[in-house]
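As written, the chain order gives the labels A, B and C, with residue 1 at the start of each chain.
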Amino acid sequence: MKKWPWAILAPAILFVLIGIFSPWLMTHDPAAQDYSALLTGPSGAHWLGTDYLGRDMFSRIIGGARTSLVAMVFVLVAALAIGVVIGSFAGYVGGKTELVLISVIDIALALPSLVIALALMGVFSGANFDWMSDYWKMIVALTMAWWANYARMSRAVVVAELQQPYIEAARVMGASHIWIFSKHILPHVLGLVVVYASADAGALVLAIATLSFLGLGVAPPTPEWGQMLVDGMSYIEENAALVIIPGLALTAVVVSFNLLGEAFALQKVPRAVRGRLLSRKKAARSAEDVARKAVEA
Amino acid sequence: MSAPIYEVEGLVIDLYTPTVSVRAVDGSGFHVSPGETLAIVGESGSGKTVMTLGPLGLLPEGVAVDLRGTARADGKDILSMSPGDLSRLRGGFFGVIFQDPMSALNPMLKIGPQLAEQARRYAGLSAEASRKEAVSLLARSGIPDPEDRYDRYPHELSGGMLQRAMIALALAARPRVLIADEPTTALDATVQAQILALIRQIQKEDGIAVILITHDIGAVSVLADRVAVLYAGQVAEEGSAIDVLTAPVHPYTRGLLASVPDFRSDSASGTKEIPGIPPNQAQLVAGCRFADRCDQVEPQCHTRRPALQTVGVGPVPHRVACPVVIAAEGIVTHD
Amino acid sequence: MQRMFMRRTGLALLLMLAATALTFWLVTAAPGNVAALIAERAAGAGADGEMIARIANDLGLNDPLPVRYARWLGNALTGDFGISLRTGKPMADEFAERIPMTLALLAGGGVLALILSLAMGIAGAASNGGPLDRALHGLALVGASTPNFFVAALLVIVFSVWLGWVPTFGTAGLTSWLLPWITIALFPASVLARVVRVNLQDTMSRPFATTGFAKGLTRQAVLLREALPNIAIPFMTTFGAQFTLMIIGAIVVERVFGLNGVGAFFIEAIRFRDFIGMQATLTLFVVFFVSINLIVDLLAMLADPRLRRPRKA
């Protein structure tokens, strides 16, 4: 991994930090309504103004970061766990089991993740799921929509690694299956999957926000940026800030995660040296030239 | 020999990638005249390709190039040409054959139409005439059933056929200079001989200038009128093929020729390799670059850059960059 | 070649079958749900367990799952997708009304995404690291990160509220299609623009690009005539994937702009527990996605000369 431009990670790191420390960063209770200050602009008391119920926007944004962060972490960890286990198992065991699992994975991948999540939210609206809160329905729905991609990746890595000669060598030496898997193969799987997940996190944040926007995700009064945006749509003409602020927050976080993903992906494409780096290299070269001429003179 | 049609002097070329800076050509030059074949010889990384194709702007994208020196084609300065003029020069005046035809030809394009287009644009032929010309070029390059091959994609031809197709492509614009960059390296031995024979035949018939870039001494002996030997971006020795191949002076040239296996020799030690490792061209080194591998090395070799000195008499100057051997063997210089 | 076509098509059909079976199982697994809803509609609060059980029996909802699925499949193949629990209209009618709207959104969005992405990617490659290239890169990055509902909201704010150029809701004339189309196209266009740009860069550093220069072509010519054909396959594959993702954009856009499409219906079905409607719409989605993927795969096979005419000698 080349030298990291830390600027890329800044919004993502900020997002995580704000999410973790959000209760201490809030200036007001995000659910506290104040009918004397509806739809106000930024002021000393309310740094980002208030919404249509007089709730402090700044605190709600901070709270929304935590909501998204927590949900995102839950889903990613669960989807990764399920995906890696199923995919690795399929790749390692092979045979008919693998074929069956591959078919399951392919079917799960036949629809875009968000559509699956939406469909599952629909399923969960049935009476037999009433014991689950909306929040947990969303988490489960997203997890079940997200695992398949990781399963496919894990399986591919396992299959590729199993063909390496050192696996055969380990087996000959009497290593057990579990040993071979956890010591040799799992690191490769995790390496690829974690890299992908860090970029995927952005898509997940978007998915959570989209579900909330459609009314099928996080319900008020828990602050969530997508939900804040949909509520703000009705007040677009009076105070567009209700829509713009959560929207900008979402965009900033996703941009950061996407940059992360790009930084990983672009390492293989040849890029010419230009600009300041090129001038520096040329200058270094001329200096070497001069030094050499001095010796040869 | 008539006046040179492509000549390059005092060329210094630095290549910059994100990780390393390399001086591929370190104050070298060459020239070639119509009707003659110049072979540029050296190991991989010696700068042969960069020196020849660099002035034409034909180095791969993705590497930053810094080029200084003089380069003239047909008497005109090509380094100060406009990009448009240079493009036309590349297409119409120069023909280039690259090393691996399988990767040098666009897999998505049919072969024939590319030839026809070159003929149309540079030889000024009509659409119909250029198609006929393309077919006849394919035939001339030794491709059987050229009418059929016209509409084929590169993956449908074998390596040897593809190289012939690339030769045809290079000739389609009726160039005055043909540059063949390791044209036989990717081919089987039997096909290699055929390709070389084809190139020689074309030169005889069309009277063009040919530059053969290669590390294969055998090919040099078959085709070349003149030879230039390159080491680490510097010219070690140059002259007529006979002079350089039969009476080499520079230690590198001697080492190179001694390392060519001769299946006719009886001696147990068939080849002698040159000791040491290839040069690291990311660093600039004072003096002679061959010094740390040379068996004739003297202290001056590390501090003084050896200049090319003319040795021997003859129509084609034989020049050598090694004052040590010249002095040691009492060779007369004519500068 | 033919056999590859047939094989892919066969697999696609199998996939459709499996996916619809799965959604059928998920959505209608609890027969009580459907029966309860029907009972509610008919008798309001007076619906009791006995009534629900009777309805369930009448509709055959207590039969084993494979039987129900087979029955449903048979109906579906003749165009009968049941009756929406929410609107009371036959699903076939709902589809007839709503599919054209969604298709129009997808088609317009798709075309816009195609043109925009090619323009951005090629312009970036032509600039090759210059200011335009970097600006377009930034634009694509933001475009691929902005939630589509935010894009819709911003467009509405700027063009309807502030400038008043375009009506806020409904579709009245061509101009009112613009905001929905731009909203749907922005994300796919941004992703595709990067695909085009990165693939062009990769292609331009390959040996045959140098041959193109040796032929005397200018950089623009090499870019457009030698490099561009080589990105056709990755472009098509990504376009296909993005096109299927556009259905989510359509869902959001239909909600925001109050359009009468299949996406809006789907959301309403979820919110109102219209299981029949959900099942039917999901089936439609499955058919849509699998078909698009199939078409893209087949087109990609056709586009590669190496697959069109296998090696001879």
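Keep this in mind: a contact is a pair of C-beta atoms (placed from the backbone, for glycine too) under 8 Å apart; a residue touches a chain by one contact, two chains touch by 3 or more.
Keep in mind that what you see is a predicted model, and the values were worked out from it rather than measured.
Comparing the CA-atom centres of all chains against that of chain C, the greatest distance is found for B. Of all chain pairs, the one joined by the greatest number of contacting C-beta pairs is A-C.
Computed centre separation for the pair chain B/chain C is 54 angstrom, with centres defined by C-alpha atoms. Rounded to whole angstrom, the centroid-to-centroid distance between chain A and chain C, based on C-alpha atoms, equals 22 Å.
One simple way to say how far apart two chains are is to compare their mean CA positions; for chain A and chain B this gives 53 Å. Shared interface positions of chain B, defined as residues touching 2 or more other chains, are 61-62. Looking at chain A, residues 270-272, 274 sit in touch with two or more other chains. Taken residue by residue, chain C touches two or more other chains at 128, 205, whereas all remaining positions touch fewer. Chain contact summary for the complex, chain A toward chain B: residues 270-274, 277-278, 281-282, 284-285, 288-289, 291-292, 295-296. For chain B in complex with chain A, the touching residues are 14, 16-18, 21, 23, 61-64, 66, 283-287, 303-305. Taken in their complex, chain C has these residues touching chain B: 128, 204-218, 226, 229-230, 232, 305-306, 309, 311-313. Chain B makes touch with chain C in their complex at residues 57-62, 83-84, 87-92, 94-96, 98, 100, 103-109, 114, 118, 121-122, 153, 155-156, 158, 166, 169-170, 173.
On the side of chain C, the complex with chain A involves touching residues 15, 18-19, 22-23, 26-27, 29-30, 32-33, 36, 128-129, 141-142, 144-150, 153-154, 156-157, 161, 194, 198, 201-202, 205, 244-245, 247-248, 251-252, 255-256, 266-267, 269-271, 273, 275, 278, 282, 285-286, 289-290, 293.
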